[in-house]
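Structure below; questions to follow.
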């Protein structure tokens, strides 16, 4: 029974991190920027929702408000940081450093405003427990599962059914094509990062419903998400989502044999195994 | 008797693309061989195979009767084959002289322990190497640009510098990927004269070239590649006179 | 005066770390946010040997250096195999994993409580207990580190590394062993970080995971970015400037609860500002 419970917990959190992975993969496939600051956008989402709720805003509106805030932050990072760097022909390394700097700024502004202690959400329905044949699921978990799957399906729809999405996938799956066609960069990049930021806000709000908020809490989810993206094959949104679920399930199952402090080790071990045997990922296009 | 360089039965697939298809040819010592063919014929790919940057799916490469396929690039340079790149790949933040120094065979002070524990020995030997590198620069006519950073050199000077770096390796078979492309008439003549001179000094050259005028002027022998396969070979006159090849070359390219 | 001495000692220890990070990030061109983990391994190894009395200071330092050479080579190996972006994941992963080990392996590291009472450094049975003696020692150590960096960079070895940073493929085409050069640079960087760790632990006499976490790695990266890549001057300027900044922050009245985040915030701002406006840092070459 414990096994089953851990499995279900893993699937729920895995879906949430799958959304992080898919949103990150979308940015990476389009811009080739390894958007470390995405972890900061994820974290900010949770804090914005917490503040809105504290001011009496109803839950759905708080989520939408937080998504709006994340959209603005993501677009601002592209417009005021990545775009000027590209104009200055900055090296890849410099863009990484700038992205890391942006993450540090976001995290520590949050810490300065909200303090670095854990903040708990107090939403009655989120902590209410539903028992399904011996399995315990919180309201937060049910919401996480439903909204994460909805967000994932929405991202797939965007990638497969919209013109912009199709072009992005074409470019992501074929680097040669990318060199020739170069999507009209400025406008497309801002749009893509804005969409990804709005989407990553969803898990950013949902995951902390159970675990609480921490200013530095975005790094580990982003690490899991990026590992999932690489394992799933860059350019494959489904692969990224699936592997996020697999990794988080394995993390949860590892609790049977070792304490939770070491789950980062499990995540990393999965990554090392993948790097050794399948450096291009399982579902890589081409 | 085995050929100087012999490529046989090389196949190379990239995903759905058959870049090399049972590609094979031989090159004699001492001449200038030009490799021509439409874009995508596999010319650069075969360079990558010969120099160890690609391990082909099948086939082999032999140099002076010795199998080279499967060796790493540095081992192939040591065996006596070196290549240049179409997009030059110079170290633009280093000086012209330093670029040539990187081309020279490895010497003392290129590993950290020697550099740290025998600094004076390192410095003395490096001075000798600098003199050697300077000779290579003089050879291509760039001696007066030795201390200039490569990003400040003209395109023609950069092309000459790639040849100097290539010469520095001491290799006897030089693979040049479009050494004359993008050059104005004056610089073009300079490069062609240099290639002729290298041949006179005993080097063997395999040159990828698009410019038919250049091919006619420098080539002793021409290899015509099409769809990853050796389609024809012969003297420049024979190749240019063949209407079927011209159709592929110009018809296919346009 | 003691306060100023302790600033100098710490800055000199961080010069060794700056050299280490500069070798990886500035010279070889690898993005790294895990050098603090290697630093920590050096610190814990020396502390454990000294606290258990199995080895005296200098042999313990040598063991730490060798261990960190091996460790850094192993950590850097993925960057030699996979593209630069994937190594970002490796580097974050290693740092978070190291923090987990430092915090949870109570047997070797004292866990979150850290290791108190690390004895002062001693040279051949002569303990360095006064601040000035330790300053003398760190000055010699940092001086030797700088000399090694300078010799390596002006030798053909340094030229080879710079060429590799610009274009690995072209270096391989010139007949050089790229892998060996990169591995040796990682080894050199590991030796610097290991020695710095050992000296740090014995000077502070107390170490805990907070000195070796992701924030610490970001600080090291900031030192290289602010100081400047690939130059000795940059590797020295970075640590001295970055360690002086928190003192300046104290002049502004910031409540102690946010002091730590204010410091990290400043590092983030510096990373962005230098990346955009001055990628060559104060005294280096362009990253």
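When the chains are written out, they are named A, B and C in that same order, and each has its own residue count from 1.
Throughout what follows, contacts are C-beta pairs under 8 Å (C-beta built on N, C-alpha and C of every residue); 3 or more make two chains touch, one makes a residue touch a chain.
On a predicted model such as this, the values are computed, not experimentally measured, just so you know.
When each chain is reduced to the average of its Cα atoms, B sits farthest from chain A.
Chain nearest the geometric middle of the protein is C, using mean C-alpha positions. Between chain A and chain C, the centres computed from C-alpha atoms are 30 Å apart. A separation of 47 Å divides the Cα centre of chain A from that of chain B.
Chain geometry summary: the mean Cα position of chain B and that of chain C are 42 Å apart.
The set of chain C residues that touch two or more partner chains comprises 286.
Looking at chain B, one finds that none of its residues touch two or more other chains. Of all residues in chain B, only 51, 53, 72-74, 77-78, 82-85, 89-94, 98-99, 101-103, 105-112, 114-116, 119, 122-123, 126, 129, 165, 168-169 touch chain C in the complex they form. Residues 148, 151-152, 155-160, 162-163, 166-167, 169-177, 180-181, 184-185, 187-188, 285-286 of chain C are the ones that touch chain B when the two sit in their complex.
Taken together, the chain C residues at the contact with chain A in this complex read 25, 29, 31, 33, 78, 81-82, 84-86, 88-90, 92-94, 96-97, 100, 103-104, 214, 218, 221, 225, 257-258, 260-262, 264-265, 267-272, 275-276, 279, 286-287.
Residues of chain A touching chain C in their complex: 28, 34, 36, 81, 84-85, 88, 90-98, 100-109, 111-112, 115-116, 215-216, 219-220, 223, 226-227, 230, 259, 261-262, 264-265, 267-268, 271-272, 275, 279.
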